[in-house]
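I've put the structures underneath this note.
Two complexes, one shared chain (chain A), two partners (chain B, chain C).
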Partner chain A sequence: MPESVRGEGAVKAPSAAPPTRSIKPASWLRDTARRPGWLGDLSMLPALVVLIAVLSVLTEGVLTPSNIINVCSQSAVVAIAAIGATFVILTGGIDLSTGSVIGAGGVTAAWVITSTGSVLAGAAAGILAGTAIGLVVGTVAAKLPVVPFAVTLAALYVVSGATTLLSHGKTIAPVPAGFIEFSIDGPGGVPYSVWLAVVLYAVAQTVLTRTAWGRRVLHVGANVEVARISGVHVARTKASVYAVAGLFSAIAGIVLTSGLAGASASMGGPLLLNIVGAVVLGGTSLFGGRGSLLRTAVGVLFLGFVSNGMSLLGLASFDQQIITGAVIFIAASVDGIGRWSRRRS
Partner chain B sequence: MSQGPVLELRGINKSFGAVQVLHDVAFSVYSGEVTALVGDNGAGKSTLVKCIGGIHPIDAGDYFFEGEKVHVSGPRDAADLGVEIVYQDLALCDNLDIVQNMFLGRERKSGLVLDEATMEEMAAKTLDGLSVRTVTSLRQYVASLSGGQRQTVAIAKAVLWNSKVVILDEPTAALGVAQTAQVLELVRRLADNGLAVVLISHNMNDVFAVSDRIAALYLGRMAAQVKTSEVTHSQVVELITAGRSGELGIKNGNGAAS
Partner chain C sequence: MRSASQWCARALRRQPLLPVWLVLVLALSGLYGEFGTVANFRNIAIQASPLIIAAVGATFVIMTAGIDLSVGSMLFLAAAIESSWALASAPAGVVFAAIAATGLLMGLVNGVAVALTRVPALIVTLASMQVFRGAGGHITGQQNIDLPAHLRGIGTSSLLGVPAPVLLAAATALGGVLVFGRTVFGRYLQAVGSNRAAALNAGLPVRAVTIGAYALAGVLAALASLTQTARLGAVQPSIGDGYELTVITAVVLGGTSLFGGRGSITGTVLGALVLTTAQTGLVFSGASPYVFDIVRGGILLVAVIAAGTRWRTLAQALRPAAVS
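For the complex of A and B:
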């Protein structure tokens, strides 16, 4: 027999005596065969450390507190939107409408803020709009036999077109100074936007790992057929992750509006690649079922330091793009090769 | 238990588009017994099981559970009755661990969050109750398990819920000799503990080793349901391959092969 039959190895009679030993839950905590927990989620952390080390050698000021805060505040918008993208990708889906919902959420918020003067009302309106768009997109993607790629691509055009139309293609401004301050300063010299991102990551990671809904998301991504026959409401779960993505895109859009001191329909478009890139770079599988917010956080910081480092090096934007591509490829390869060799050992 | 069947189907028809896969199928399952469901490839065994599990809606026919007529329109309905099924190819998720798999879709919660400790404990108890010694860690990915271990976990998943009927669709098809014997032993033990067990298998030796009754499907029709002690190997083989054997089986003119 190639497979080792541990235990007594022989076949017991049907009326065999009860088992003589008991599996004790405590022993599994020390078991090496145990599924990798959150430590396994940090597989890209070494690459991030190497990147920062290399940048520290090549240029000065990378690891100063002010530069680290700078990287974090530059990354806040992508970071927040990437939370929603992570949930979508965990189900095996993809949301290409993220950038347009960032625009829609931001424009809605800015419009309400400029007309009522209330930032709170604006934020609520923006979040409501983004979540509603996400729910519609998700319901269509989940219920119709059309791949999410196509549904969300269509949504990208419809949403950004509608937002442009409603905002007459203009930037909605001015917004109150206190709202702009949100992206500039905060407790400990760290902008509120960064604190917000940190809190949202903590909440989202907890929801993913500790709640039934989070488990559901993993189930649908891991094997949609097994999930279905196990009684999981697959369509409902799929629709919900796009609604959650809409929610986080809208929050990201509001933060971006604060950072840009105004909102325009097209402001989120260029961020899509960074958002999806951060999720994938962190090691969340595009096939679904495997990944976490912890991974995405590392991916976001990785991309943040790449672009920060190249600015510090004074590289032109074309050079930056080429190098960004190369660094992403190297980082992904190192992670992939690492996983491959671990599987073989 | 010599009462009526715990689960009984009558007159089940099921078509996929223009192709009728199940014709007027009757099927009874008894507590404390292993019922072997046999039939050639394509006879409709898996389809019948999926109808029982609520995966496929039935076109016509009656579904009785503990003597009462019920409507099963989804996997949750079947689970609520206490009917658990280990499907042929869809038993477990590879990249989830054992506990996650066993509670898939039915997680234990305390308040808003998952109650991992209770789930681990229940999983451990269930595996212990099955006298399973082959699994070392409840937190290992199912992908890392051998075929026999996977079937064991799948069976444990099925009996975790105080289920009354457990249906196993070809659980030993991919297993070696020793692991097959272990799974069969487990099947027998479940029935001895009072469960109604349905075992789908192609192996006549296995069928005769563990079953109390045999139900033979032939081209989507129930050829015969007999006590295992009252038939021979060759009679069952005839039922599987020809739909009849002497007095048993589909009568001529019944148009089994149309």
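For the complex of A and C:
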């Protein structure tokens, strides 16, 4: 949206009174064409800085290196799953089945790991299972005339029910010590899981901004009709996005399995709100077409520090639930208000 | 005689779920001898009651093209309030009023957030689902709390042989049918759901109608909670977990469109009966409770696809006429 040509000044420039003196950012910051895209993606960064500042005043030890690593490693699972959720939300869809695909991917991986002893084979099996589920969900949601959220709500319970049945409702363990180490230690004292999340974000951001598929995702989300007319295979793009979500959910499930030293069908369920919330908090629009992985990364860190701060303050888990829900709703309504005022002007 | 058969044919067209339910009941009765007993049907009716009450409320919300994922958490928070008032040994009337007020408040929170912000109902209720469950957990401290006898009365008493929960559900359904078909609010609901922009242009109070639908759903969720806890005799932390799927499935199965504007309370009641019958059948078959997760998810999927497909054939049938 080129804001500069939409202001009142642009319309009645010749007769307008000289603009009142106020502090304005440099012209290249106001001009969306010249402003680097990543700058807008970091719009939640000031809020994150304020949050960290407030938490530092309220409690001790927020900004110690060990606590920061702690926040990052505890956010890794949500971070990885949120990559897939970002792609889905960018097309204007929603995936409620993320949590149960995390469970399904993790349980599949843990089952293969415990029976063959090979972590690589387990990871491959888990990722394959998650992607396959995502592909089925996406194909149904995109090719049939249905409401996507209803399909993913149905998938949420079908997948978690099937996973619970196949795992007999038990936790699949034990997994090798080296696999558990993945979420505990790594180069520079930062766990491998965090490094993995960082690499995946870099890859996903590049795919979104530098590949034809990424452009198609944004295009479909911005305006389905225009995308269809300009030759984008809308149904295929939508289906692929859910498959990608299944892929990242499965990776998140494998990382969670390593963190919990075992996998159970229900382990991913409570993460759904945090995953969707991180995407929304970062500023990716729920209506599609506007957003990026950089935004989601900031959103994940924001939620990570919120829950870290609440734990440091000693809040009970149910009080944390209340605050998380409220924070996410407020973030979503800010996006809604922004959209509303742009439409009004 | 002829008018009777015509009436049957019309009823069948309007409620295609009725024969499905009858076949399900007959099949299960044939499979399991114990299934076809009066005691079991009575049991199914009692079990279906909270679902019918909550699903009637959800029908109003879905009619506006909205959605309420927080229904299970509303059930839990209402139950939590009930347990806290019960501990203070308040008379039943006061407790019931407090629960209804809680339901109204929760519904208003959802409705105001949906109507006055541009946040999709899905996200509003996903967030409020978390907030309500957290608040309920805060009140109960995640403990099982047994209810005193005077609050369990609804679950055990009966009038002329009909259990009280069933009476409540029947009254809710009847009220729903009347509100839906015989009131201005009902007409407005349909108008807002089928075309929001047109309703706005026609000067209808779109926001008030939306808020009203969610508020009604909140009150009915609280009523459902009352029936549910009275039957269980206790408030458990797991009350209403995953309930949103059952409720939405019952509504969609009953023929209410998720796109809004088209729906039926009778259909919702039948949908709730089909789901409860299927659940009872699974219990009789000795299947793991998780099978019901798969079954109701599958039923929702089939119902949604069936509803969508009907729309598509309708659109295809109408297209040549529009061109000529």
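In the analysis below, the second predicted complex is superposed on the first by the 283 of 345 C-alpha atoms of A that agree within 3 Å, B and C clash if a C-alpha of one lies under 4 Å from a C-alpha of the other, contacts with A are read in each partner's own complex, and residues count from 1 in each chain.
Definition applied: contacts are C-beta pairs under 8 Å (C-beta built on N, C-alpha and C of every residue); 3 or more make two chains touch, one makes a residue touch a chain.
Treat the numbers as computed from the prediction; the structure is a model and nothing was measured.
In the superposition on chain A, no contact is made by A:I69 with either chain B or chain C.
When both complexes are overlaid on chain A, the residue A:A261 reaches neither chain B nor chain C. Residue overlap on chain A between the chain B contacts of one complex and the chain C contacts of the other is empty.
Across the complex, chain B meets chain A through its residues 53, 55, 74-76, 79, 85, 87, 90-97, 100, 104-107, 109, 112-114, 117, 120-121, 124, 127-128, 131, 133-141, 144, 146-148, 176-179, 181-182, 185, 188-189, 192, 210.
The touching residues of chain A, counted against chain C in their complex, run 94, 140, 144-147, 149-151, 153-158, 160-162, 164-165, 169, 272-273, 276-277, 280, 286-287, 316-326, 328-329, 332-333, 335-337, 339-340. Within the complex formed with chain A, the chain C residues making contact are 67, 113, 117-120, 122-124, 126-131, 133-138, 142, 242, 244-245, 248, 252, 258-259, 288, 290-294, 296-298, 300-301, 304-305, 307-309, 311-312. Contact residues on chain A toward chain B in their complex (touch as defined above): 1-3, 5-9, 11-16, 18-19, 21-25, 28, 31, 33-35, 206, 210-212, 215-216, 218-219, 222-223, 225-232, 289-290.
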